[in-house]
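If you scroll down you'll find the structure; I have some questions about it.
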Amino acid sequence: QGKSTVIFAAASMRNALDAAMADYKKNTGKDVKISYAGSSTLAKQIEQGAPADIFISADTQWMDYVDGKGLIDKATRKDVFGNALVMVAPKDSTKSVAIGPDMKLADLLGSDKLAMADTNAVPAGLYGKQALTKLGQWESVQGKIAQAADVRAALALVSRGEAPLGIVYATDAKADPKVKMVATFPADTHPPIVYPAALVKNAGLDAKAALDFIESDAASHFFKEQGFTFLPAY
Amino acid sequence: MWSPSPEEMTAIRLSIRVASVATLASLPVALAVAMLLARGRFPGKSLLNGIVHLPLVLPPVVTGYVLLLTFGRMGPVGHFLQANFGIVLAFRWTGAALAAAVMGFPFQVRAMRLSVEAVDRKLEQAAATLGASAPIIFTTVTLPLILPGIFAGAVLAFAKSLGEFGATITFVSNIPGETQTIPSAIYSLIQTPGAEGEVLRLALVSVAISFVALMLSEMLARQTGRRWASV
Amino acid sequence: MLDVFIDLSRGEFALQASFRAGVGATAIFGRSGAGKSTLVAAIAGLVRPNAGRIALGDRVLFDSAHGIDLPVRRRRVAVVFQESRLFPHLSVRRNLLYGRWAGRRSGGSSFDDVVGLLGIEALLDRKPGRLSGGEAQRVAIGRALLSGPELLMMDEPLSHLDGARRAEILPFLERLATESGIPILYVSHAMDEVIRLADQLVILDKGMVAAAGPLEDVLNRIDLGAISGLAEAGSVLMTEVAGQVTDYALTRLALGEQELLVPEIAAATGERIRLRVLADDVAIALERPKALSIRNVLAAEVTEVAHGTGAHADVLLAIGPQRLRSRLTRQSVAELGLVAGKPVFALIKSVAIRRGGGES
Amino acid sequence: MWSPSPEEMTAIRLSIRVASVATLASLPVALAVAMLLARGRFPGKSLLNGIVHLPLVLPPVVTGYVLLLTFGRMGPVGHFLQANFGIVLAFRWTGAALAAAVMGFPFQVRAMRLSVEAVDRKLEQAAATLGASAPIIFTTVTLPLILPGIFAGAVLAFAKSLGEFGATITFVSNIPGETQTIPSAIYSLIQTPGAEGEVLRLALVSVAISFVALMLSEMLARQTGRRWASV
Amino acid sequence: MLDVFIDLSRGEFALQASFRAGVGATAIFGRSGAGKSTLVAAIAGLVRPNAGRIALGDRVLFDSAHGIDLPVRRRRVAVVFQESRLFPHLSVRRNLLYGRWAGRRSGGSSFDDVVGLLGIEALLDRKPGRLSGGEAQRVAIGRALLSGPELLMMDEPLSHLDGARRAEILPFLERLATESGIPILYVSHAMDEVIRLADQLVILDKGMVAAAGPLEDVLNRIDLGAISGLAEAGSVLMTEVAGQVTDYALTRLALGEQELLVPEIAAATGERIRLRVLADDVAIALERPKALSIRNVLAAEVTEVAHGTGAHADVLLAIGPQRLRSRLTRQSVAELGLVAGKPVFALIKSVAIRRGGGES
């Protein structure tokens, strides 16, 4: 038995990946350790020689980053999961939102804030910004956005009632009983939300098996349960 | 590349404002708590001491959540403040200042407490025999003698405010011009591939501001604290 | 009038003290560790007695029976501490004026007088950290004097001062004790200071009052030497100004029918003057000596002879109703045949003068 | 729900180890720097003072990156240490301790420096006249007199280590059993829907540990620091 | 042998001092602020002179010309500071033993002797914060004595002690000065202490040495009173033990052809004894008095009369080759017709005895 496989995964994957890998460990008896952090942090750590065998990024740009530095095994890179972008409101909210070019989001907000993840950096924020731009809303709501450090923090703002509306992933919205999903952004308003995975160069022997398991149908239900879409190899 | 963008300038100005207000506004409270901890004898002293240290012990994000739960618009204190005094902290720079103040609080208290404990109480006794009342003794004897500790505490709190990020962004999020301080701006940049240069620039600005603050406090401390020392 | 009756403990040390001190100076004498500073601290309110009562005039400062414990600042009791306790961050001037400025006190002596007397004009803008030991002590005295107290307590205030400086300050304190109308408690080891300054004497021994009362009475009791650590014993004579000898800067004092000459005192004829005489400064002759530089020769009668163990013996003399103590070698006592009842002449080489009112 | 999972137990144990090692290992260095800043007169003193405060001023994430770039396996110091002494800090608990030590350093230095400045140098002079050499004077006079400051600094650093997150996760990542401390674990949980209970539980564990440390330091300080004070 | 030549400034104050001090005690006298403590600090190495040279025996402690500046701890110079400077965190015992324990010093006096002498047995386990002023001072003296110094400097070490305690400690210091073979610098305002203890005297005035030399010489110079702040001037007589009067616990001392009686000294016949006599304690008679308790009457000749401004005048007498100073009222001087060359009798009431070797 070699050293345990180390997965560097975007923090938002935690529930699903923990469950999947617990199953993997039970079946194979092999040890797996997962380090969850922001994709940018993980990417830079891999750049600095972190002992990661598998990298699962929350977006393509940080996978591109490590890819560009020649740090991953290109052949193993795959977009494994997908997610949807949704608009949420506190559970007891009476607001109804119809997403479209004439949604008048700014009026809907009034003096309140729209909670999002960082719109310049965090993937969820970037996607949201692209969607709002495409829908012609960005200009008017730009000054009313409360940018949180990550999606979870944005969700908390809505969940706590600090913000009447927020843009988060479907996976997050689903898990929080204090919010309700009021609308889903059409897939064509933003680039596809994908989670690429790849083996890091010089990965351990067991890593390939672990990655294969993550991408396998056997594991797919762990991810679907949390609201991810599962992207079969394309 | 070395001159900050207008948006960055806004963040810098805001950071300075937040750090200054946080430091100055929490100073009297910290001083009172430091006096209590150094001099007081009361049940629950250890508890108070523990609470003062909480913002250190908890991850900043947790502190931010606690602030959000308490001082947010829906939080009990936040609601009360808004309803009765029209004070809103959530999503405002005042909230950023509150977060910074809370995060810097333990350092202020500790530095002041150390100085208070070093004061020779015989001098305060002498002042009392000369007719000075407790508040007068405090301002004319104790306070001047603990100035080094106050400066040290203030500088620590100010520096911490400049660097504070986790609690701030969690509590008041990151609204350019309102709550986006230097660290929040840096955080955004760090998540962006290829923005290393900008990160460096903003970090250097922080460092420069804190150097000025440091020098200032050292100067003040030298002028007061050590002027009366014997050679 | 200060009325003290206290019982306190501090670590293993216990102090039980009960005495009264009238207007004027009361000296507190006692060996090192006897409890003098503790007594001062208790009266000032800095150490709390277990029980007792402290009253200053009609103001009760402390009374355990009635639950009275006046805060320090309300006691109007100024203290010159043994260790100066100057405020290190304030200039000498600010230190001196602290009572007026921070304590809102008024009265007391004039700033210029005090500064001039203590010779600290040049130091006014310095910080205490840059003063010499004696300079700091002088500033501490000034600070207390300027706080307009109703009781002044000084814990060895002149211990670091040279003879000349003492000689300047003592008359001022003396005048203060006489004129100010406030009681002064004065802790000192220097007998000459005490004799000069004090009307009353409290002797502390291991936390207990071994003797207290008018200086004359206490000093004339021969048995106190060992307890009080007085190297020098002495006595007090009450006199009246008889006239001045301006040519020689001397003053004539009447002591009953007899006369004494002392260095000039500015006092009107008829004014009462108390003299303090150290036992060591009194010699005894069987006949009136002639052509001698000692001009003060008083007819007296031996009333008591106390033989010590060493070379010395103490002889108590009566001059009319007054008592004078002399310390001689035992050999002199034997050779002169001194016994109670023998008429002799007392030769007084030098005296300390203390002007003062009634018997106190 | 109140008993921690095995993984959490691991994080707790690791946190205590990291905080203890970080505090104790940085203590002598902090003390030396505090002495230098309090007593030394040398060019570049302001600079040293500024550098000491850097970890406060910079957002923790930036500090973490700086550590990663310097002490990482590819970083100059990290490479040197590994090549010459076989010491690896990156992605090890030792790295977490380094991050915690760096983040707690300014507090340690400040507290100690305040105490050093309060020491009456006349006592050290007296010791010298009695024949004591500089190191002996330091250990027999200065050190005992600054113990309150040392305790205060250590407690601040320890508490900060318990709460430190940004620099740690950036430098050594968040690997369970190796570098996952309580705050990193909390971070993971915060990112997980529905884990509020677990966040609370871990936060309380942190608080409990720091309370114990606080009480301990107060006790020690009372036993030494104040025992010699006059009543 | 201590050889001091220094030039230093401290704030506005400047000190220029140059003197030598042999084995035995050298007193440093001077008014408050004259620079005594600064001088002590400079010799100990705590204040750095601008220029000068300090040598202790053949060890050069400081020499600006040769760039020598021995670190404090290597100077082996123990100091009793004016403000005690006890280590607050160490027990009295640890304070006392600090020189041996931390300074690795050996030699000096025995622990039990010192503790017994100073009367601090009961305090050994206390912290200095709980000592009285005089107790702290005694511990500070003990600490210096126990550090095995090659030079002992004491800055008003007995200022807070009572007469009895002084009387116990002084003989010990006296013995130390005589027997230890190390120089002692002794800062004091008390003339009796100085007269008793010191062989040499350095008088500082505003940072300058106004006079320095053998105690006898300096004291016999009449003009120093004002500068030194000596309230009491005095002189020194060299005598030889002529015999004992055991019945009365007295010792007979020969002074040339004449004799003096003093309280018993344990000394063999023929041993040389130095006597210190305060000018105030010397009276003058034109004829040898009879039936007088003052037994010490010496035939002498007036050599000089110095009139002061007040009531007093100083008269310098010659007794063979030796000089004795007397302070009288101007009236006495006039009435006795004292002028240079007149034969008189000097009456000495009390003396302080200081056993000692050569002329120093």
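Think of it as A, B, C, D and E in the order they're written, each chain with its own count starting at 1.
The working rule: contacts are C-beta pairs under 8 Å (C-beta built on N, C-alpha and C of every residue); 3 or more make two chains touch, one makes a residue touch a chain.
Protein names from UniProt, one per chain: B, D = Molybdenum transport system permease; C, E = Molybdate transport system ATP-binding protein.
Because the structure is predicted, anything quoted here is derived from the model rather than measured.
Summed over C-beta pairs in contact, the chain pair with the top total is C-E.
With respect to chain B, maximal separation of chain centres occurs for E (centres as means of Cα atoms).
Among the remaining chains, the Cα-based centre furthest from that of chain D is the centre of C. Centroids of chain C and chain D (each the mean of its C-alpha atoms) stand 60 Å apart. Chain A and chain C, compared by their mean Cα positions, are separated by 90 Å. Chain geometry summary: the mean Cα position of chain A and that of chain E are 90 Å apart.
Chain centres here are Cα averages; for chain D and chain E they lie 56 Å apart. Residue positions of chain C with contacts to 2 or more other chains are 11, 83, 130.
Counting partners per residue, chain D has 61, 65, 122, 187, 190, 230-231 as the residues that reach two or more other chains. The multi-chain contact residues of chain A, meaning those touching 2 or more other chains, do not exist; every residue touches at most one other chain. In the complex of the two chains, the chain E residues touching chain C come out as 11, 29-33, 36-38, 82-83, 126, 130, 132-135, 137-138, 155-156, 159-167, 189, 191, 226, 228-232, 245, 247-250, 261-264, 280-281, 283-287, 289-295, 310-312, 326, 328-334, 336, 347, 349-350.
By the touch rule above, chain B contacts chain D in their complex via residues 46, 49-50, 53-62, 65, 106-107, 110-111, 113-115, 117-118, 122, 148-149, 152, 155-156, 159-160, 162-166, 182-183, 186-187, 190, 199, 203, 206-207, 209-211, 214-215, 218, 225-226, 230.
Listed in rising order, the residues of chain D touching chain A in the complex are 61, 65, 68-69, 72-75, 90-91, 169-170, 173-180, 187-188, 190-194. By the touch criterion given at the top, residues 122-123, 125-133, 136-137, 140-141, 144-145, 224, 227-231 of chain B touch chain C in their complex. Contact residues of chain A toward chain D in the complex are 6, 8, 11-12, 14-15, 33-37, 41-42, 44-45, 47-51, 150, 152, 171-172, 174-176.
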